[in-house]
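Below are two complexes that have chain A in common, paired first with chain B and then with chain C.
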Partner chain A sequence: MSSDTILIIGGGPAGLEAARLIGDLGQRAVVVEKRDALGGTPIYEHYAALTHNFRDAEEAMNELIAAAKANPTVDIRLSSEVVSCSGAAGDFRVKLAKSGNPAAGANGGAGVAGEEINAGAIIVATGFQHFDPGRETQMYGYYEYDDVITLADAERMLKENKFVTPSKGTPPQRVCFIQCVGSRDRQIGNEYCSKVCCGISSKQAIEIRQQVPDCKVFIFYIDMRMYGYWENEIYWPAQEKYRVQYVKGIITEIIRKGDRLVVRGEDTTMGRPMEVPMDVVVLAVGMEPSRGTKDVAKILGLKQNKYNFIEVPHGGLDPTATSVPGIFVAGAAAGPKDLDDTMAMAGAAAMKAAALTRKLQISNFKFQNSNFKTQTPA
Partner chain B sequence: MAVGLDKVKPEAITEDKHLVVQGMDISGHWNRMFEQRVSWDYDVDNLDRVTDLPGGESLAWCYGCAKCTAVCPVDIVGDYSPRKIHRKTQMGVDLFNSDDLWLCTTCMNCLRVCPKEVNMIQIMPAVREQAVLEGTTVPPELQKAFEDTAKHGNPLGQPQRKRADWTKKVGVPVSIMKDLGRPVDILWYVGSYPSYHPRGNDAACAAARIFNSLGVDFGILGVEEKDDGDSQRLAGEKGLFEMLAEQNIAAFSKYEFSRMVVTGPHEFNAFKNEYPKLGADFKVLHYTRFLVEHLDKLKPMLKKPINLKVTFHDPCYLGRHNGEYDAPRQLLRAIPGVELVEMGRCRENGYCCGGGGGGMWLDSFTKEHTTMRLSERRVREAAEYGADVLAVCCPFEVSRFEDAAKSTGNDELMVRDILELLDESMRG
Partner chain C sequence: MGLFADKYPDVAYQEKERLWEQVKADPRYPSYLYGCYECGICVAACPSARFYDFSPRKIAQAAAREDIDLIYEQMNDDVWNCSQCFSCNRCPRQNSPGGVITILREVAVKNGLKSAKQALEGYSRIIYKIMGTGTQVSPDMLQPDAFPDWGPQVREVSADLELWRRALPPETLHTTSTGWQVDDKTIIELYLIWHNTGVMDMIAEVDEGLHMILNDVMEEKLEEAGYEV
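Now for the complex of A and B:
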């Protein structure tokens, strides 16, 4: 007997959107989230405004959460994680346990420990985590200098409308972004482009110029990668309206000089070395597979690519398929994604999962029917 | 620019024992060089000063694609392009006090290719105007042209009362509006160079004869005509431009005419695009378009064949600025015997003669910052394409190109206004 329940692992943007859509189709969805709250990285990492439409992240995510929660056929399991999986498409048996994640609150999880979900299909929406600039090497002295921060740190300050030089607590006069931190790097092992950092840096540059109008903002880059409308919605306004200064040439090192930081690199179009004082340096850290993505891939037996993201074997023509039939992937668990792609992928994964479970049920029904018919004349 | 092929051993200080640069002996400590200068700051205040000016905003829009550099006529003979100006200003260079400020000829080839619409035609006049107002050093030869224009009503410094003296040489009647005392069909604005410059006179006389042959009912303003002032505006003297425009508009409005014909593209641009902003309201034609209207009548009059290879130089202010590419070519093709050959840089990508945007009065200054004059680059191109005649239809160009033909050893290249070629063919 095949199940029409669809298990969704991850309660971030992709998981919530897939759950809502499956619910709208009238099918049962179970969302398993290891943290004690829904909303994923935008909520957990205190995002300020979403890229690219500058909508308040918390407000937008709350709408997604409310839509999933309000749906009568969507069940949510907070502070829970998947511990084992058996069976195949149409009849997966997935065991849940109280999440070992420190973010799991005391009130969630306990009630569902040991629960087994019988699911016809699974959608993995376990997302990404920001590259840790202290991983492997002390890149740019992230853990050494208070005033070297990451995009995620900047988001938190921007959300509170209090962008300051962390060591002083006062508004900075000069801020720069260093692009491609942890991305496009063979030595680190992340050869891919993280896709969103150029846009997010530029978005944050605009927000800094809005919140601290006297602050000069620089972006040091290798290539500006502004896909589609990000060019005219973010990059051009940042440059033209908010006078963010884009300089081609990446910063190689940061040194301390007095109570300020000095960034060192080459201004490539002038062919000159540069040593420029800055109050705050924002590292545009890229995406890596989240811990959850890596764990769930192993538990479900999904192939991962060399960067440990979940492998999508058919690429562009079937972007939500995994190496296991009946298990689909949505969002940044499959590699760097912006929100537009994540949401579109969630819709596609929901559709594929729902279609599969229905197809399996119809063929089961036909199979039983045909047995019945052959038996009847006898 | 950024990366040289030769690796240079890093040395803190270099010093050549014997070194002569541009004829100057700078041996020993005079040429001492320290290792490459480090950019230690991006002082964007200077960029903000430019972009705060009305018209200067778009300098900040440059994203460094460098499409402009390849088509900038100044960069082809020097080291200057809008992208480079943006980068230098972003690096803290003060454009208001930089020699770069006076190199742009406002030829508009950069804006034609710019994906971000960085508009040097607005930026440069805005910054120059501010520099002039602040009393920044204006190159002396340009300053002299400004002063001559203010004093005499023309940048050549010729007396205003002699503005119509050229008409004595024509051999056909040229009516002055004040003496005519009746409305005319065509008010012909002659312009300063056709009125005063000997080679400009040749074109003016040719035009007068052609108009007479065609039976055009026309008159000129004579001593009431003043320089249009557009190139002075683009070179930073907006006040002077406004004064001249006011005087010209007053003179125009004294007489009745159905349309105005101008000899020069700069005047055409001024009257078509700038004077209306100051209240002028009349229809203006460049002479090439006007004569094309009369082509049916003109053609049978072109009796004498001119059996030469002719190439045409598109004036920036007729072509790119005002979209007229065909009328001059139609006229040249109408002349029997003429074989029209196009240069590589023609029409939309026409190379600038260097005379626009004040360049006409910055010859020595620009020469110091370029390997050759823009006009010299252009006559070389005409010669490369095998032309016998370099045909023009802008009064700035005849003298510029004739000088350039001589200085580059292309003496056999004839430089002729289209008016002169038509006149020659008509006179048989």
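Now for the complex of A and C:
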């Protein structure tokens, strides 16, 4: 007998959206979340406003969380993780355990140690983590200088409406962003573009100019990748309305001069080397597969690509199918994604999973009642 | 403070900033510069860029970045290399680097920058002609030896200039001291425009001598027509 339960691993934007939609179909969804709270990276990393529509991230995530929680056919297991998986499409048997997350347990509780879920299909929505700038091959000194921060650090300050020079606690006069930190880099091994950092840096640049109007903001970039409406919704306003200065040329080194930082690079379009003082340097760190994505891929036996994201073998026309039939992927677990793509992918994965479990139930029903052999999906 | 070494460190930053504020205050400025992709289409279209170390892109960039030192440098060294043809207006962001240059030049002239005076020195004779007579270069400027690069026929033509001009069908061209005959009413209107729009003040800033001569010429005609200067 095949199960109509759909197991969703990850309680971030993709997992919550998939759960909500499966619930809306009247089908059972179980969301397994390693942390003790839902909302994924936008909540965990204290995002301020969403790119590209500037909506308050916490408010938007709370809406998703509320929709999933309110759904009577959606069950949520916090502080829980998947430890083993057997079976095949229609009849996966997945064991859960209390997660090793130190923060877990406090208000988790819903997870039952040793629980086994019988699922007809699985959606992996385990997301990404920010690149650790300690691994960058330039000389940015993230762990050396207080005033060198990442996009995530900047989000946290912007969320509190208190963007300051960390070492001084006062509003900065000059801030710069360095793009493509940990992305598009053969030295590091991350040859891909992380897709969202150009937009997020530009969004943050606007927010800094709004919060600290006297502050000059520079963005040092290789290419600005502002596809579709990000162009006119973020990039142009940043340049034209907020006078953010975009300079094509990547900083090679950050040094300290007195109590200020100095960034060294080339202004390539002006054809001149530059050495510019900055109060705060924001590293636009890219996306890497989260620990959860890497662990879950191993446990479920999913093929990973060379960057350890979950491989999507049928690419363009079937972006949610993994190498294992019956297991689907949504969001940044399959590679860098913006929120729009993540949500669309979550909807597609929910649809594929629901369709598969229903098809399997119908074919089992026919099989049991007619002795006709029906083909199980490959 | 800009991104680069300052080429004019002796000029106070506040002075550079004052000039830049004048540029930004020009009502045309917001529609001449939005933001710059640094794509270079303006340079590709620019005839001056083929002959000089000149880049309309860098003008747009410096302005977009509000790099005050660099703008001051350009206001002195670059803007006079532009031929004001506005081929750069094909910008996908709808910028007009040539328009920004127009404003930069006007601010340079209005503030009597030394570089502006030098750049315009060679033009005083032409300005005198245009503003004095209301017409452009006149036939009698075609002296036998003035433009050897125009070829040997110049000598031939200049010898009998009056006759040649009378051979031209429109009667208004039967003149050698002006490009064409200018109606008194027209010249008076031109003089009034130049006085009332600040052009005469600009001339005074860059070339005092020229301003004096022009003023004399204009004063006489204007007074004849009943206007007080």
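Just so it is clear, the second predicted complex is superposed on the first by the 361 of 378 C-alpha atoms of A that agree within 3 Å, B and C clash if a C-alpha of one lies under 4 Å from a C-alpha of the other, contacts with A are read in each partner's own complex, and residues count from 1 in each chain.
Here, a residue touches a chain if its C-beta (ideal position, glycine included) is under 8 Å from a C-beta of that chain, and two chains touch if they have at least 3 such contacts.
Since we're looking at a predicted model, the values are computed, not measured.
Superposition model on chain A: chain B and chain C are shown in a clashing arrangement. Touch criterion met: A:Thr269 reaches chain B and chain C at once. Touch counts on chain A: comparing chain C and chain B, the chain ahead is B. Using the contact criterion defined above for the overlaid structures, shared-chain residue A:Gln245 touches chain B and also reaches chain C.
Superposing on chain A, the segment of chain B with clashing C-alpha atoms against chain C, chosen from 8-16, 26-34, 62-70 or 278-286, turns out to be 62-70.
Counting contacts by the rule stated earlier, residues 236, 239-240, 243, 245-248, 267, 269-270, 272, 274, 276-277 of chain A appear in both its interface with chain B and its interface with chain C.
Across the interface of their complex, chain B is touched by residues 216, 218, 224, 235-236, 239-240, 243, 245-248, 267-277 of chain A. Of all residues in chain C, those touching chain A in their complex are 1, 3-4, 34-36, 38, 40, 57-58, 61, 64-66, 93.
Across the complex, chain B meets chain A through its residues 1-3, 36-42, 44, 47-48, 51, 57-58, 60-61, 63-64, 87, 90-91, 116.
Of all residues in chain A, those touching chain C in their complex are 236, 239-240, 243, 245-248, 267, 269-270, 272, 274, 276-277.
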